[in-house]
Structures are given as C-alpha cells and as structure tokens.
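Each of the two complexes below includes subunit A, the first together with subunit B, the second together with subunit C.
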Partner chain A sequence: MNDHLILRVVGKFLIPYVMLFGLYVQFHGDFGPGGGFQAGAIFACGFVIHTLLFGSRSTEQIVSIGFLRVISALGVLVYAGVGVASLLLGGEFLNYNVLAADPITGQHIGIIVVEFGVGLTVASTITLLLMIFAERGLPS
Partner chain B sequence: MLTHLPVLVVLAPLLAAPVASLMRGAFAPWVVATLVSWFSLVCSLLLLAQVGEQGVIVYNMGGWEAPWGIEYRIDFANALLLVLITGMASVVMPYARLSVRQEIGEERSPMFYAAMLLLILGLCGMTATGDAFNIFVFLEISSLATYTLLAMGKDRRALTSSFSYLVMGTIGGTFYLIGVGFLYVMTGTLNIVDLAERLPALSDSATVRTGFAFIVTGICLKLALFPLHLWLPNAYTFAPSAVTALIGATATKVAVYVLVRMIFTMFGVEFSFVEIPLSYVLVPLAVVGLLSASSVSIMQLNIKRMLAYSSVAQISYIILGIGMGTAMGLTAALLHVFNHGIMKAALFMSLGAVAYRMGGVELKDMNGLAKTMPLTFWAFVIGGLSLIGVPLTVGFVSKWHLILAALELGWWPVVVVILVGSILALIYIGRVVEAGFFKEPADNTRREAPAGLLIPLWILVIANIWLGIDTRLTVDIAEAAAAQLMAGGVVL
Partner chain C sequence: MMLAHLIDIFLLVFLAVISVALLRIKDLLTAVMIFGIYSLTSASLFMVLAAADVAFTEAAVGAGISIILMLATLAITGREEKIVERKFKLLPLIIVSITGATLLYGIRDLPPFGVASNPAQVHVAPRYIEQSAVETDIPNIVTSVLASYRGFDTLGEVVVIFTAGIGVALLIGRRRRLLTAKEASRHE
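And now, the complex of A and B:
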C-alpha cells in the first residue's frame, strides 16, 4: 500500500487512539458496557490496521508470532488462575467473593482480572490469526 | 477438595491445554496430557462413587445459585459418561505418544496435545453442566478442537473431510442454539431443571415445539444419526489414529447423552413421547440406519472406513433404545453408549497399531496379520467379537438388554432387525478375520507393534471381556441412570 499516502498517514494517526479506546473498554468494563472480548477485538484492530497498511513483516517486528502465542495461552491461564485462586481460598470455582475481605471488592478484583485474561487472549488470537494467514502469501 | 470434583474434571484440561501448547518437543506436552487425563479419570471415578452415596451432586459456578448462575449437576447418567470420556482419554493418551510421533511429527505435537486436552475439556463440560446454553459453549469448544485434530491427518483428504464436518457440525450447533433460543424466549431461563419445571405448562406452544424440533435435529447431526451421518465416515477415516480412537469412543456418545438429557430430563417423557411422537421418527431412522450402514460397511476396502460406517450402525442401536421411550430401552441405550465406546476404541487402536507398522489399513494390509502381528490382530478379533455381540463380551450385554427392551414392548420386527444387524457385523468383521488368518502376508517377517501401543490396547481389550462377564458395575449404573432420567428433571 505504498501509494496510499493518505491512508498511511491517517492510519498511523488513528492506531494509538484505537488501542487507547480498547484499553478504556477493557478497564471500564465493570462499570459500563464493555469487557475483555470487545476490548480485545478493538485493541487487535490496531494491529490489523498496521498489518494492512505496512505489511505483516513490519508488524512482526513489533509483535512476533511466538510472542503472540505465549500471550494467547497466558490469557487463558490468567482466567483459569482466578478460578483456581478462589478454589484455594475456599470458595467455588470463580467465586470472586472470597478474593478479598469484602465481597464487593472481591467481585471487582475478580471480574477485572478475569476480563483482563479474556482481553489478552482475544487480542493476541485475532492478531495471530491475521498474521498467520498473511505470512502464507509472502515469498519465503 | 472433594466438593469441587465436578469442576476439577473440567478445570484440569483447561489449565493443561495452554501449558501444553507453549511447550517444545513432543515428550513434555505428552506427559502433561497423559497425567491430566489420569487426574480427570480419578476425579470422575470419585464423582461416580459420590453420586452413588449422596445422589445428585449440584455445584454452583462462581457461588451463584441456579437458575441465575450456571450449575453443574451430576447424576448417574453424566457420571457414567464422565468416566467413559476420561477413561478413554487415559488409555488413548499413553497410546498417542508413538502413534503421534509417526503421524504428526514433533513440531506440531504441542498443539496436537493442546487440542486433545481442549477436546476432553469440551466433552467433559457438555456432560457435567446443567445449563442448556453452557452445553452449547462446550459443544463449540469440543467441535473446534475436533476440526483441528481431524485436519491433522497425514492424508490431504483429511482437510476436506474436516471442512465438511466443520460445515455440518456448525449447522448442528446452530440448530441447537436456535432451539435453546426459542425455549429461552418462552421461559426466560436456561437452566435445564428450571426449564423442565416450566415447559410442561407451555407444551401446546408452537414455539416450544419448534424449539424441540431444532434441538433434536441439531443434536442428531452431531451424533451422526442416519441420514445426517454423511460427515462421519470421511472424518474418521482420514484422522490420525489416536484421534479416531478418542473421537470414535467419546464424541458421538456425548451428543447422545445431550439428546437423552434434552428429551428425558428437559422436555420430559410425557412431552417427547406422548405429545410429540418422537418414537415414530427415531425408531424408523434407527432401523434404516442400522441396516444400511452395516451393509455399506461390508463393501468397504479401507478398514478404518468400514469401522466408521459400523459406528453409524452402532449409534442406530443406541437411538433405537432411546426411541423406545421406556426405562429398559434407555438402560440399554446408556449401556451401549458405554460399551460401544470401549469396543470401538479397542478396534480403532488396533488399526492404529497396524497403520504404525504397515503404513495403511486397507484390507490387503490385513493379510496374514495373525502371523506377523498376532497380539494386535487378536485384539482386533476380540474387539470385533464384541462388536458382533458374542457372549462374554460387552457387546453382548448391551444387545441383550436392547432385545429385552424390544420384547417388553412386543416389537418383534425390531428384535429381528437387531439380530440381522449382528449378522451383518459378523460379515464385515469376518472379512478382516479371514484376511488375517488365511491369506498370505506380502512379507512374512514378524513385526509386532511396540509395547507402547500394545499395552493401552490390551487394557481396553481386557476391559471388553471383564465388563462383559462382570456386568454388575455397568448394568446397575445404567439402570439407576435410566430411573433418574425417566423421573424427569424435577426430581432431586
């Protein structure tokens, strides 16, 4: 897309705001509409725009496929880890009440960490899917 | 920790799958997958014992009580299924090491074991949960893992067979979801027990009936009931050996369990068999499927494909039992779910061992196997006898109960069909046995499969005979499960 100057400039300008909005949806998720899945998808859009405008080679210099794989697995572990923590603290699986002395604080901590895990996995998986497909078209 | 058993069965593979996917080489992820399968098996057995002592076990996810939260609800039926799934995983995983090293290669092994663990997670989750929507979520997890695993076969046709299963499986899953959506609109709840309490009052509603039709059709696609079985033969034939063994033994069985849960617990016997005459749909399809799939498998030259068609026929036996709508029929169906799992896994695993040594499972590869690979071949023979339903094997136990159930209703033609099905099985297994015993091998050297494949295989073969002689365990549990299911969802 070397000839699309306007797209490249506007894209470069937009990417940080797209990602910031992703983070907002992520961390505001327990008060307003949002949550890990939506936030992850929005955040990954930053990488998708970057790949479309500058090619997957240059995106891979920012996040490598190996790194994305680790993150996508890590997100699941964060999610399940909260469940294990609540099991070990004597509650049911994913019972956030036991995570803090006060059940309401516990619910906040629980949902934020769980949604963060979901966000990590969704964002990295979407980017990973795009990059694996994009790699296929490149001359090796 | 014993109160957390229902979630531990599902949690262990959930934690292990991402860990396995990050490992390098083939050995470490294999160790993780094997240990986790064994752990889940121990949990399932403890659960089964707990259900025997305390009755139905309810576990509220996240501490939210049903119907607001998701509950896991374990009774005899799903405890039995959990033992089947984790038990099969526990034998297939040790077996997978050599077979996967040859068929998949070291590089893709971590992802392979991660997908296997996700498959087990999905199947256990579908079985353990008491929430109709949660079943769909786990159904998708297990299906996505299945598509990946099927596509990993060496043959390039594995890709197209996996894709066609993806299309059919997605239609099945979507139908199920649409059905659940209709019920949600009418009742405002997704909890199965809660639905079971509210649905009888709405049984005249066209929406509920449409939902019922969508749910039953969707699940029947997943369990490969004739004529919705067309995805199955190719999927089984081209998949890696270990995958065929695990999926052939568990995946369709879990779909059968979901069908049973829906029509008996959720809609209730009264609705499913009196108001909507489901027997008139299921029984003819099962009879036709049984005869046609058995006949088609006689003509197959690829033995794995032959067994795949035989699976369609065996599923028809199970559906026949369910279609009777009686406690005895249901007992026979649940028994056959368990027993067919054991025998089909043994047969597919012996074929995997043949593929490991001979490089193929065509009928000509079976020539003279009794001389060149006697232990593998005898395992196939015993598994085959069990499939036919010879006394002292598990196959006899479940067919006997099925015949008793048909006699109880006075369905003489159905009894004849069951017996004809056994004769057809005798013919297709007989062809392989004939090739193995009486034909000359191309190369007469002895090349028995390695112990890593033989030990798991023979554990299953012995289980086939053991549970065929000592029927107390399986028959008692199946009868107790059928009694619980016939009573509907409202009973505690």
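And now, the complex of A and C:
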C-alpha cells in the first residue's frame, strides 16, 4: 500500500477519532446505546485501519502480539475480579450492591468496571486475530 | 406509518436479493464485499427495530471487522472458489422441503409480532423496565441487564471471546516463532 497517499493521509486523520468514539461508547454506555463489546469493536477498528494502511509490521510496533494476549486475559480477569471482590465483600458472585456503602453507587462501580473488562478483551482479541491473520499472509 | 412499512419492505427485499446474489457468486472477493453489504443492511434493519445496541455491534463487527478477517484469509488462500460439478440430488431436496414446511407450520403457533402480551414481554421484562432505574440508576436498560442482572451470562460471553482469540493464536499464530527458531538453528 505504498502508493495510496490519499488513503494514508485520510486514514491517519481518521484513526484518532475512531478510537475517541470507541472510548465514548465505552464510558457512555450507561446512558446511551453501546457498552463494552461495541466499544471494543470500534476501538479495534482503529487498529484495523492502521494495519490496512501501514501493514501489520508497523502495527506490531505499536501493540505487540504478546501485549495483546496479556490484555485480552486481563479483561477477563478484571471482569471475574469484580465477581470475586463482591464475594469477598459478603455478597453473591457479581452482586455489585456490596461494592460500595450505597447499593446504587456499587452498581455504578460494578457496571463501569465490568464493561471496561469486556472492552479490553474484545478490543485486544479482535486486534490479535487480525494481526495473526495478517502475519500469516506476509511473504517471509 | 406507510413510510415505515416501505422502509421495512425495502430492507427485507434487499436482504433477500443479497442472499441470492451471495449464493450465486463464484468470485470470493466479491462475495466478501456483498457479505459486508448484507451486514450493513441488517444493521439498518436493527436500527429500524429500535435496537441501537445490536445495530452498533452488527455494523462494527459484521460489516467491518469480520470482512477484514475474511479478506485476510482470502489473501492466504486465493480468491477463486473451487468449481464442483453439481449433480441433482433428490434426498437433500426432500429433507430441505420437509424442514422448511415444518418451520412454516411452526410459524402459525408463534405469538403475533410485537404485541405487549407476548410471553417474552410479560416474564422478566416488566421487572427490568420498572426496577432498573430504581436499583441501578442507569438510564440504558440494555446496559443494566447485560452488565448487572445478567452479569454472569456476559462473563461467559467474554470468556468465549477470549477463548476464541487464544484458540486462533495457538492454531495459526505460531508460524513466525517456528521460522525464527529455524533461522536461529541455521545460523548456528
């Protein structure tokens, strides 16, 4: 893709906004449509555009495959960690009411953190899949 | 009202046309593109049904990411479908006809579309709609159901996505490491 100057310039301009929109969907999911899964998919689209325009080798300089693996495991860990935290605080698994003194605040904290875990896993897994596929297609 | 019906009919007919086109096309690259259009049309349909969250997902995953993954696969495998000589087979036709007839017969027992007294609307949905704002103070009921009421299900989904990623990484993600190991042994 060395010659597609216009695509590269427009893509470079677009990526930050795609990612910003992903973060908006992530943290605004309580109030509007969206949530962790959608946000993760949109955030990963930023990396997808980057891989399409600049090749998987330059994307891997930003996020390495090992790093993505760690993040995708971390997302599950964050989610399950909230469940374990609520167990330790005396509630049932994933009962957010006990996470704070006030049940509603607890629900807010629980949902935000859990959605963040979902977003981490989805974004990193999608990017991981793409990188693996792209690497396999590389002539080497 | 009339316009809404027109949009529904247009989208559904368009979906049917795309499906037929998908079946008939031999060029896999074109098929992937058409699949993207199918996903985008489905996303519009979900939007018409006021399911913004689902439309979001369909547009991002169906029309965006899965298309890119398929293109990446095509880059490895090649874009022409293998031509298989087709013979007319009676048994599959009979099985498909019977299944289709059974499904069409089963449609008669389904509750009418979108009626408030349907089983799906009277089970736990009223509880969510009435109590979600009180119990979680979150305006988007979809989020409160997914993340709080059905938190355990969503945990399962996240684990499924994680497992899928790890599975792909284990199956086809090891090529480069093997290569570099080979190169290292060659240099020794």
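Observations, loosely collected:
By definition in this document, the second predicted complex is superposed on the first by the 140 of 140 C-alpha atoms of A that agree within 3 Å, B and C clash if a C-alpha of one lies under 4 Å from a C-alpha of the other, contacts with A are read in each partner's own complex, and residues count from 1 in each chain.
As a working rule, a residue touches a chain if its C-beta (ideal position, glycine included) is under 8 Å from a C-beta of that chain, and two chains touch if they have at least 3 such contacts.
As the structure is a computational prediction, the values presented were derived from the model and not from experiment.
Judged by the touch definition given at the top, the superposed model places A:Val70 against subunit B, while subunit C stays out of reach. With both structures placed on the common chain, the touch criterion links A:Phe37 to subunit C but leaves subunit B unconnected.
Touched residues of subunit A, counted separately for subunit B and subunit C, are more numerous for C. Touch criterion not met for A:Lys12: it reaches neither subunit B nor subunit C. In the superposed model, A:Tyr96 lies in contact with both subunit B and subunit C.
Using the contact criterion defined above for the overlaid structures, shared-chain residue A:Ala80 touches subunit B and also reaches subunit C.
When the two complexes are superposed on chain A, the residues of subunit A that touch both subunit B and subunit C are 69, 72-73, 76, 80, 83, 93-94, 96. Residues of subunit B that touch subunit A in their complex: 4, 7, 11, 14-15, 17-19, 21-22, 59-63. Within the complex formed with subunit C, the subunit A residues making contact are 25, 29-38, 41-42, 44-45, 48, 52, 65, 69, 72-73, 75-76, 79-80, 83, 93-94, 96, 103-104, 107-108, 110-111, 114-115, 117-118, 121-122, 124-126, 128-130, 132-137, 140. Subunit A meets subunit B in the complex at residues 69-70, 72-74, 76-77, 80, 83-84, 87, 91-97. By the touch rule above, subunit C contacts subunit A in their complex via residues 52-53, 55-57, 60-61, 64-65, 68-69, 72-73, 75-76, 135-140, 142-144, 146-148, 151-152, 154-155, 157-159, 161-162, 164-166, 168-169, 172-173, 175-176, 179.
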